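Note that the chains are named A, B, C, D, E and F in the order they appear, and that numbering of residues resets to 1 at the start of each chain.
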Amino acid sequence: MLELTRVYHFSAGHRLADPALSDEANEALYGACFRPHGHNYYLEVTVAGRPDPVTGMSVDLEQIDGAVRQRVLERVDHRTLEEVPALAGVVTTGEGLARAFWRLLAPAVPAGALRRVTVVETAKNRFQYEGEAA
Amino acid sequence: MLELTRVYHFSAGHRLADPALSDEANEALYGACFRPHGHNYYLEVTVAGRPDPVTGMSVDLEQIDGAVRQRVLERVDHRTLEEVPALAGVVTTGEGLARAFWRLLAPAVPAGALRRVTVVETAKNRFQYEGEAA
Amino acid sequence: MLELTRVYHFSAGHRLADPALSDEANEALYGACFRPHGHNYYLEVTVAGRPDPVTGMSVDLEQIDGAVRQRVLERVDHRTLEEVPALAGVVTTGEGLARAFWRLLAPAVPAGALRRVTVVETAKNRFQYEGEAA
Amino acid sequence: MLELTRVYHFSAGHRLADPALSDEANEALYGACFRPHGHNYYLEVTVAGRPDPVTGMSVDLEQIDGAVRQRVLERVDHRTLEEVPALAGVVTTGEGLARAFWRLLAPAVPAGALRRVTVVETAKNRFQYEGEAA
Amino acid sequence: MLELTRVYHFSAGHRLADPALSDEANEALYGACFRPHGHNYYLEVTVAGRPDPVTGMSVDLEQIDGAVRQRVLERVDHRTLEEVPALAGVVTTGEGLARAFWRLLAPAVPAGALRRVTVVETAKNRFQYEGEAA
Amino acid sequence: MLELTRVYHFSAGHRLADPALSDEANEALYGACFRPHGHNYYLEVTVAGRPDPVTGMSVDLEQIDGAVRQRVLERVDHRTLEEVPALAGVVTTGEGLARAFWRLLAPAVPAGALRRVTVVETAKNRFQYEGEAA
């Protein structure tokens, strides 16, 4: 009933390309996104909790921040997403990233706390994943 | 479980007025909004999907963008909302617009994909409609 | 199915401190937030409604604005949150504030209309409460 | 050397049209802006001052706010700009508005204090006037 | 001719009060700002430079960031501004802060490089100081 | 005295690297920016003009937009900046880009009209060039 959302930022290069396809087919499929480019991504992580009656805090923010930093930001910030080992096999669409980040984060936060992972790719595009439980 | 939100923009004039009421009654009901004025509207369209395992994409963005452009933006951008035929009979409150845009868009996107239509009228007001299925 | 969100703003000072703890323990628990500081808070109030077929409006905005102004803004704006009588006993974390504002607002809006109270503490932190019915 | 900028907001309808031209010529000249539409305008007013050594304030904010409210906002907010008497003869381009607002405001603030009037028409367009002294 | 602006953030409590005045006089002078409250401040630091033909960089960003962090942020973030020794004697209006931050920063950046210090107190208020040379 | 600013957007990949240096030296010099990454860039183009007494417009916006589109956006959007022929020899720091875009744009707008080119690399970094006349 109580949700807390933290907003993180990273800058990364990426391109959309299916290795099984020709360049022409990839360009037809992905348009300009087939060409290597990049974004300032915002990553929003939403966790649910129940405020502790004494501390007023519902989650351990240091734990959340630490998980996001170690499992996501340090791996993707100022990188090319296609070269990030933790994203091997992921098509780096916003959809793909949101789901991949969920899978990286869910094991590192309290069981059942993760509610939503939102990837904001540009001011016109955002992708939200409410995934399978950890 | 995976939602994608696209953000669109249009500028339009409008006023709130009930044709059955006198000017005085309309002003009492709608206040300053009874006078013709206008806004920079943001329209957020949220669709749900399941990422294709090969392409990583959950929806056909060109289809969504095309539907929004043809069915909404080209009809309302740089127009007076009360004069838009596709909005005939709609009171152009944020509520009315959100529901009207839903009805215009739902038939043009894959069945069941449309999740939410949000009309941002000003930085202090937004209206969200999660409507009847298409 | 139709939700309207209004965004309000106030500036307030606050600190996080458990009166039962020593200064050292509080600093260990709350870090920098144990020191008196302040924020520009945004308060987002979401109410649900059904557009009136004649007026196109789903809620009485003056009623909502009045409730927020009298029950929240006039009490907290340009104040120290720990000194606000209406927040007595509330740990002024974002979680605590979201729940406290819900409780202040729910009795003053139409029964069942209040859907969500969101406290935006900084651009990196927001807290959302979908509370018990009024 | 010290400049203070206040940001104000108003919503208005407008259209660009030269009364001496035919509809076709106006449409060729102004494009979509020939059709009645509207915007959420932001008006930024910049004044220069020297901080008072005792109060720390360089300008009388109530005077500035009052001047903007009475001379601009109350005349244009929730109006059609072409019907505002104080804007008679003004082509309501961003350029035209910035200059017109300067002329309305300059006599109402301390002599020489007004530095800049900026009209933000949309997130992609802003117009800044540093005009003749009051 | 080339200016670089870095944006920093801190949260602080403050109040406006002239110690020589009575509470009533202070409230008459400063209104609600006489009551202790707080803000999320943005501090924008603008430095001028000439891009190095080899590195493409016009300033040593680590030097700028280090100066802002040590001389400003570490002293004011999550503090009450009136209790910050480095601000002793400063009335903490936006004007006062902009000038005080300039004086703290100018000696720590290359001579003549500092062009402008802007304090953004709220979304509606910003204060810009282009001060005496270092 | 009248300035108009248009805001454009592009997404691009880039890295900072001096070809004359070793990888170690580049990493020491540019830090994380030595690694290929990317940004959502905003390009702000400011031109000066004098409003035409009849049209109210001070510049030919289609000319400005066309120049930016053809000379900058089509060359850099969804590209790797280091591979853009028009940027050959440019170190793609914000400083380098601002100056390069100025040089691309100045010949394509009315003589003397270009006042400022601003490259917004992230929400924390912007670079402004007021260059040599065209």
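Note that contacts are C-beta pairs under 8 Å (C-beta built on N, C-alpha and C of every residue); 3 or more make two chains touch, one makes a residue touch a chain.
What you see is a predicted model, and the numbers here were worked out from it, not measured in a lab.
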Walk from subunit C over to subunit D along touching chains and report the minimum step count. 2
Using each chain's Cα centroid, which is most distant from the centroid of subunit B? E
Looking at C-alpha means, what's the farthest chain from subunit A? D
Report the inter-chain centroid distance for subunit B and subunit D in whole angstrom, where each centroid is the mean of the CA atoms. 29
State, to the nearest whole Å, the distance from the C-alpha centre of subunit C to the C-alpha centre of subunit F. 42
Residues within subunit A bordering two or more other chains: 123
Going by the touch rule stated at the top, which chains touch which? A-B, A-C, A-F, B-C, B-D, C-E, D-E, D-F, E-F
Per the touch rule above, subunit C residues touching subunit B in the complex are 1-8, 49, 51, 54-58
With touch defined as at the start, can you tell me which subunit A residues reach subunit F in the complex? 9, 11-14, 32-33, 35-40, 77-80, 122-123
Please name which positions on subunit F make contact with subunit E in the complex. 16, 18, 20, 29, 90-96, 98-99, 123-131
